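In the part that follows, the structures are each spelled out as structure tokens.
The two complexes that follow have chain A in common; it is paired with chain B in the first and with chain C in the second.
Moving on to the complex of A and B:
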């Protein structure tokens, strides 16, 4: 009896640690990413940047018109973007139109990055100085916006998009927005 | 080629660690001397190959070999040589390499200095250390291989975060790692002793110097980090209670408790199961710290350079190690309940028990503050951050009773102390303390100090005055011709306790009496604060090897006379454009003056921050005194005697008892 009590007491730390591990695991899989953006519901802020592959030409707000578009902010120096990359390619394969915004990066490594990992973007705006911070409220990479066909921001995701979110939230949202477009 | 050699050596080091684990644990379990004979050479082999692999990575950094991804990302030919060497541990992969190099180093040290320990026990210790190393090797090889090639090679390197380009920061991580990883030795000793089912005075005696050594490194590491953040981050302040700092502070608190409870386990044979638990908790917390820092669970979304896969791996590693250790603990701890003798309330055991309770409670408070935001978020209760006010209100009150006890604990005898002998030893310092306090009250009553200042000064001076009673008493007895020795252990303890007093004074005075103001000024204007006048003389462009920026000139006047001329700077680093604020700090004695450049506000105006920090240097001085005290204690002869015991070699049956040599009075 006494011995059993001792085992019980000895088990307390283990129970505590297991509880902690479960919580940490939950914390790790939990996405702390749904930060309401004041931009949601508004039309896209101004965007005038050179193209990554063709420095002479520009990407403007016009790219968002008539299409449902994802704007994905990324950089070649961003480890989480690499983690997110397969999700973007998956979205591309499912017919989602993605515009990239290469954030505070250099041209050569950015192009090399796309060559190496595959290019999910239809166009990439090259934001050397991080101007998007001011207009778009970007404060890290990756960040992703979903824009409706009239260039309104519908959704924002902060951090690498897990495949589950792409499947459960983003793709259905894109499809719904497209439907709305054809109906109107 | 070098990269491939490095990777190959890393894999070989892993195999060595695996061999060390197997032959250490299985050899000890089956009492096969031949198997056990392999463990030590495997440990040395692990160090050799780990050092080779680390050397390869360093070579890649120094030669700026951009065909390796990690190098291309974090090294730049523009960086000075020194920082290219140190840049190896500037980011995740390399710092894991440093971590494992340090672990291999500790393991080899244990292998060298455990020759006099019972063979079975030494093998178990090395086996446990090997298992820890295996976990980290797997982690590095699978999720963070630093030798991955980059094809095609990058044309130019990336950069280290410019903030990290600082000589102090170069030695800060190695120190901290020596501390973190050093705790694995205490962990391994505890687990090995638990497996063997025998925790005796000898075990505690063997563990003490290792724990002390790890604690010294941890102390120095934390002091350096705090000093660095004070002069480099640019906005003053030397402790922010941020998760990264807490991650090093929690193991430190536990290690401090462990050092004290080990003393009881050694001298009195009591608290053994508690001591084992602390040893397990100390290293588990340093793993937890690694997890918190590397996985990004706690840090805000700004820390995007985190990879969730790595976080998961470290979590599994942490889980497996601490759960296994605690399972062994459940299995064996009930055997340890038969304790060495009881003790009265008024005894040193009680004091150390209280010390442990308070330190663990302090660590618990820090733990809750660090982890609470995560819980809130996981359970969908919103987002929040726990700021310094929480820690100030919860942690600091826990420390006050501890400060009072520091002055008393060392002067009670083991088992049963008496108030009379305590009074006999303490009345002179107590009287001095009362007189000094009264004098201070009279002198400073009209100075409108906040309550905290008074409390801090009273407790701090109490600790300072009582710290050296024992050495002074012994010297006095010796002076009178009595044969009393003054072991360096006693001196070390006194010095470390004195350091605590110095820290208390530094912290309270600098935080409660410090002043800071943000002021927009343009060149030519002046500002007056806390008795000093700051004149903004000029602002000029400046440049260094890999940065451009601005450099301001301030003349500081005190009582009408020129006190100092300082040059705060703002630097923009070119390859990737990070910015650092290099504050100008003068003083270094009783008070620091601090000027830092904020941002241009237009029309020639700049936002500026002025700080007046009285006695802030005491914070780090106290920390260094503690570390020095630890070093002195480490030099104590007793540990060397303990190492020279030639124990009976147990080959069959249960572990034999090893008789400790004659114990000294402390």
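Moving on to the complex of A and C:
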């Protein structure tokens, strides 16, 4: 009885070390730069910004109504956005509606960027100072939100979307959200 | 030869510049109470780009935007708790340098104390066992 108890005590450090190893191992695949968004499941925060191409007109939250939409935060100075661009064009070709949010940018280079690389957006909101974007918890570019037909945020991707993620996750999600819309 | 040895010495002052450069800052708020609250809040809010800095010390543009938001909310009369809530609703609890005490952070807050307690129990157990062994061998309690 007593001996068994001693083994138990001896096992404590072993269990501790194993636990530590498991935690450290899990930490290897954890990317601290990706912060989970508390906005998922909630309705779209306010978005009232001038349009990139038509400064006199505004983009509002109403752009998300009745459609499954992607909101992609980008900028002409953002190198990883350029890297992501082909994925956005691929999504557009597959019928995904994408709204752009031009973050801390200037009009001329942003428009030139779209002319040069192609325009995947149906509409681009222009956030010169990056203050409106705080409502969306945006902390860098690119970031992409998927919104359901009632303007609820369903998914967020931080960083450039690889084509594989667009193919396996985002496009199927958009299609599923569209189905939900027709069912209800 | 000597020149290469001197070079690091010459560069030494460069290490000191680091602290001087920190942040472009706004003129202090006219109201000293607001200014104090502003200092306190910006020290407790994390810059999400440079994650080991608070927004008071971060030169990142995002930190500047967050500082601006804090000032704007202070002027609008928001309480400290309301300002923190405003930011956590958008960026999550991670934006707070000091995580709130809630079920998913219990391990973080109380884990070290739990480990200390476990350690104390083990040590106590071992001491008792040693004492018992001593008693068996010598027929009397160990001198304390």
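To be clear about the criterion, the second predicted complex is superposed on the first by the 147 of 184 C-alpha atoms of A that agree within 3 Å, B and C clash if a C-alpha of one lies under 4 Å from a C-alpha of the other, contacts with A are read in each partner's own complex, and residues count from 1 in each chain.
Here is the rule we go by: a contact is a pair of C-beta atoms (placed from the backbone, for glycine too) under 8 Å apart; a residue touches a chain by one contact, two chains touch by 3 or more.
It should be emphasised that the depicted structure is a prediction, and the values quoted were computed from it without experimental measurement.
Colleague: Looking at the overlay, what does A:159 touch: chain B (first), chain C (second), both, or neither?
Modeller: first
Colleague: Can A:109 be said to touch chain B (first), chain C (second), both, or neither?
Modeller: first
Colleague: Looking at A:90 after the superposition, I want to know if it touches chain B, chain C, both of them or none. Which is it: first, second, both, neither?
Modeller: neither
Colleague: Return first, second, both or neither, reflecting whether A:45 touches chain B, chain C, both chains, or no partner chain.
Modeller: second
Colleague: Given the touch rule stated above, what does A:140 touch, chain B (first), chain C (second), both, or neither?
Modeller: Touch status of A:140: both partners.
Colleague: Of the residues on chain A, which ones does chain B touch that chain C also touches?
Modeller: Common interface on chain A, chain B vs chain C: 6, 32-33, 35, 104, 139-140.
Colleague: Can you tell me which positions in chain A touch chain C when the two form their complex?
Modeller: It is residues 6, 9, 12, 32-33, 35-39, 45, 104, 129-131, 134-137, 139-140 of chain A that touch chain C.
Colleague: Report the residues of chain A in contact with chain B in the complex, numbered from low to high.
Modeller: Residues in contact with chain B: 3, 6-7, 10-11, 13-14, 17-18, 20-21, 23-28, 30, 32-33, 35, 77-80, 83, 104, 108-109, 112, 139-142, 158-160.
Colleague: With touch defined as at the start, can you tell me which chain C residues reach chain A in the complex?
Modeller: Against chain A, the touching part of chain C is residues 48-49, 51, 61-62, 65-66, 68-69, 88-92, 94, 118, 122, 125-126, 129.
Colleague: Hey, which residues of chain B end up touching chain A in the complex?
Modeller: Result: residues 73, 152, 154-155, 158, 273, 277, 280-281, 284, 291, 295, 297-298, 301-302, 304-309, 311-312, 315, 318-319, 322-323, 326-327, 329-330, 333-334, 337, 371, 374-375, 377-378, 383, 576-577 of chain B touch chain A.
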